[in-house]
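Two complexes, one shared chain (chain A), two partners (chain B, chain C).
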Partner chain A sequence: MISVGRGLSPRPVAPMKRRELLKLLLDNSVWIIIAIFFILNALFTPKFFTVLNFRNILIHSSILGIVVIGESFCLLSGHLDLSVESTLALSAVLGAMSVKNALPVPLAVCIMLASGMLVGFANGALVRKLGLNAFVATLITYIGIRGTALGIVEGKTIWNLPTSLCFFGAGTIGVFPVQIVLLAVLYLLFHAVLVYTRFGRHVYLVGDNQTAARISGINVDRVVITVFMLSGLLSAFAGLVMAGRLNSASPLFGTGMVFEAMSAAIIGGISLRGGIGSLSMALGGVLLLSAISNVLNLHAVSPYWIQTIRALMILFAVALDSLKRRLMRYEE
Partner chain B sequence: MKSDGVLLKMEGICKSFGEVRALENVHFTLSHHEIVGLVGGNGAGKSTLIKILAGVFPPDRGKIYLEGREVHFKSPRDAYEQGIYTVHQKMEEILAPHHDVTANIFMGEEKTKPLLGGLLRVLARREMEKEAESVLSRVGITIDSVRRPIISYSGGQRQAVALAKALRKKPKILVLDEPTAALGVKEKFQVLHLIKRLGREEGIPIIIVSHNLEEVFEIVDRIVVLRNGQIVGECSPSLATKEQVVQMIVGGE
Partner chain C sequence: MRRSPLFWLLVLVGGIFLSLPVAFAQEKLIFGYSAPGLGDEGQWNIQKGFVDKCKELGIEVIVTDAQQSAEKQNNDIETLIARGVHAICAVPHDSAAISIAVQKCNEAGIPFFTIDRGVTAGKVVLTVKADNVKAGAIAGEVMLRLLQGKYNGIAKGKVLEIRGQPGQDVAEQRAQGFHQVLEKYPDIQIISLPGYWNTEEGFKITVDTLTANPDLDGIYYHADLYIPGIVEGIKAVKGEFAKVGEPGHIFILGIDGNPAGLDQVEAKLADGVVVQPLRDYGALIVPIIVDYLKRGEEALPKPGTVLVEEGASWSPAVVVQTAAGLEIWTNVFYVDYLGAGDPNLWGNKPRE
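And then the complex of A and B:
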């Protein structure tokens, strides 16, 4: 009798090893590209390889980076969140209105963060309880929340916020700008959540195969709603940082940012189909986008071209993604 | 618990879809340690019967008893929690393709360990890997690494992982819907042996739905034949011939 044990035995190991190495490289391709990009520019772009310029790149990355964390959670769970930028603007406007109406700063911050979670909850509920497609659900909030932000202040920008409210966007801890510290802390924190907790695992599993996750006892509703609330919370927090950095709050904050956030995540290697990717990839995407616009600035290239370059990079990233999938698949 | 008592009893099950009567007054039982093959032509009612058992939809009439208690399955999830583990044609549909074998076997029931004196709980990766390996070897599946994603394994290996996942849950009843339909010849053979082993050595009661009489004759204890929504015959594969079973399936005379 042929034993099943032998029947389902491993295939030759050597080619697998090589494939795994290649996959590892492809998984981290964004960091390899960043390394090459930085070396080239250190050589050929004056003023690029300076502490001050790196500080600029990181500060430029911070707000987008925070939004991208939330967007990445959504993408990993197989959904997408268009409403991030509107949530950001609403949060900034609400915070500014709160302090202008003599509410204490901590309360204003709570209101801002709560508004983000509420928008996230609405997104999650529209998707899971009403059964709307995530694109449609977050398109509704994308438009509606931007409208709400515009309506609250009648399209006007509010200037001169209290210094304490500006701490996250303009303060420093020692020599480090708070924004950069925040970027590092939040990425480490949420990376740990994704990799080491059950919730993080469930986010991936729901993105990879929602039916299987449901049958296996994962509460898909709860995971998806939590993911959207997290995305809203982080976007609202990004609104706080942006208001602080610019010492103002405008209902037009973050216009078009959702496309930047999604490009960063995709360029980093997070799959739009869900279940594949990591926060380190997303961070790589954010830093690469920031570094490119920084270099274009240093070379005094018209900023209008950056969108063209970003499009080419997305194309490249998507091609890499499908190559990666092909490598992982079983072959006879 | 009696080792030979009736585990599952379905009594007077009826189900219609509009004008179509899919099942009419079906009585079906399953004993402990029994492998039953459910056979019949297209539209005979096989899949309707197991979908009722899997909680996909309720019967119009009839009762289901599990271990002597009457049960109602509100959803597939509900049936699953009560110990009925159903895997459809492509077992791999219950797997997450880009996750490794361990993550799939423990899906929804990940083990955690305390961190910082119980303040946080983190995934116990090592422990889960060890247990995954032991479940796999218990059913006689050796795959080269529990850390590789499902997508890098062949169809038969995926089925084996799905079965290992089922086994870890210690189901009361394993329902397999055309488990080998999507496989090549060699892998079909391997998966059949695996199923036989689960039934014989692990003592898991199995209901297997199949078109393929060849494989049904090889692994089951009892064959139940459905035709036009009714049970038209039962036999033991050791006492009947394939011709007789075919006769029952097609009817006539």
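And then the complex of A and C:
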């Protein structure tokens, strides 16, 4: 009622604009934090503001970034996917074992991607058909899939992979590393899927209110299973990139990455309860986390304090975000 | 609550079933071996060496795998106690968390031994481990020689140290030995960053450090698993990788000696590696356990003794009395590309 009153008077035009500006700031808060972070480090961190270092940050962001796209789809649909890092490791190990057993590289890549989709399908089926909670279902696959990767190679690291298999991780297109091109293309592609397709809208609706989505005729089972398959596919693709990047495959690849992926998505403003957030913000979260690690390495911070300082930097970023939200509420 | 007769019958049958192996093996020794996680190349080899030596001496061995879970390892050890094994040997996943199970083992009168790592509380008869401080020191001495070779005898340069998990005893000791040697030379700068035993983290650290320090001379890693990340990191920043002996080569050396690590040294991607005799820990500790069961404390080697066995990769080993208890610190040694193909190294031995 109050806002209507304000809207009718001639004076509140300026506040409206200010509120719109604030909303714009809030919607892009992670990018503003990144801008502040980059300006500060350009001044105080030697070698930070160089083309080579920006390239490094983007390379560091690519594998996590690909995993975060899948994780973001799951979170937007109101589900957690803990199995992303295990799926990544299984894919890398399967690909390496395939080429070591003389299978052609395209077939090895198909096996890798199929493994991810299969894990995703299993997750989706456990959640929707068996009625398990997503946390429990993906915890089961998180453990089981890592175990399968360990079992396949019995803990061995396979290295020296064919150059063609390493293309996605270590190749270049002109002067651009393929990893950076992939990161850009995948974010644009999946951003378009979320914003411009019916499936994208369904993901948001299912995450916002599953019951309402079902009543409005959306096939929730199909949306959720597709989202998990997409997450599995992207994690497996990240495994392909990582195997190429490191010219090796280990069943321990990606250990702990699930927490980084969820942190990046949440820092980017994606709600754990689903339905709120965007991929561009998630990408901002990924870049921020990678830039923080990069700065700590450039400064060669003591190994005993590096985690504490990283946590404080993340806290600072989240606090800035929280401050903006408060400002927004105050203005309203 | 009254239990049905069927319940008690099942308990009786179950009890008889569980005790059968022990009952039938009155004359045969049964050892329990608790691994922290057999997915790791090194742990698999430690276990293999233990089991092989037991088989050779006609001892039955029950192996459990804690799958990197401190809680599961405690449960595993309790199960081994319930099975009535004569002795238990473990590689602790978590030195503090395992103490509860060690104390239960002590109460049950089953002697407890460890390999590779000690425990925080409870009585451990003996621990066999590599001398990690010495391994770090050997790596430091080799790095010093390489730097002096590069700078006409002058000890100077910039070295990146990619550590394991900060605070973990193995990582701390590997750092300690390396720093002890190189910190005597003020013109050698060491940049230490934690890689958390993660290959990708090793890649990121290499890339970032090389960007900040294009004049980096050498890289010391705490585990072989970092090598692929180091090699690809150098390629990513410099555009190419100079092998050992090629102009612009960055010295790379570290600790472990697992199959992939030895391959990489042989391929001249890394300068060398300090090898631990993982496969031979079992050959050293199993006969001591057998003797201890017969003669008690008398069977244990005395602190200060140097154990020697011709041809054994663990030899010479030093017996040390530490705050954690009696320990045997086995030999560690450095191999470069000329020695990395030696079939006697544990990393080159066939798995089966």
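Operating definition for what follows: the second predicted complex is superposed on the first by the 280 of 332 C-alpha atoms of A that agree within 3 Å, B and C clash if a C-alpha of one lies under 4 Å from a C-alpha of the other, contacts with A are read in each partner's own complex, and residues count from 1 in each chain.
We adopt the following convention: a contact is a pair of C-beta atoms (placed from the backbone, for glycine too) under 8 Å apart; a residue touches a chain by one contact, two chains touch by 3 or more.
The structure presented is a predicted model; accordingly, all values stated were derived computationally and were not measured.
When both complexes are overlaid on chain A, the residue A:Gly285 reaches neither chain B nor chain C.
When both complexes are overlaid on chain A, the residue A:Gly269 reaches neither chain B nor chain C. Contacts of A:Gly239 after superposition on the shared chain: neither chain B nor chain C is touched.
Once the two complexes are overlaid on the shared chain, A:Leu252 sits against chain C while remaining clear of chain B. Once the two complexes are laid over each other on the shared chain, residue contacts for A:Asn209 go to chain B alone; chain C is not touched. Shared-chain residue A:Gly124: touches no atom of chain B or chain C. By the touch criterion defined above, A:Lys47 reaches chain C but does not reach chain B. In the superposition on the C-alpha atoms of chain A, no part of chain A is touched by chain B in one complex and by chain C in the other.
Considering their complex, residues 2-11, 13, 16, 196-198, 201-202, 204-205, 208-209, 211-218, 275-276, 325, 328-330, 332 of chain A touch chain B.
Only residues 76-77, 80-81, 93-99, 103, 107-110, 112, 120-123, 137, 139-144, 149, 151-154, 156-157, 160, 186, 189-190, 193-194, 197 of chain B touch chain A when the two sit together in their complex.
For chain A in complex with chain C, the residues that touch the partner chain are 46-47, 50, 52-53, 56, 59-60, 63, 147, 150, 154-160, 170, 177, 242, 245-248, 250-256, 293-294, 297-298, 300-304, 306.
By the touch criterion stated above, chain C contacts chain A in their complex at residues 38-41, 43-44, 67, 163, 166-167, 191-194, 196-200, 203-205, 207-209, 211-212, 225, 228-229, 231-232, 235-237, 258-260, 263-264, 267, 351.
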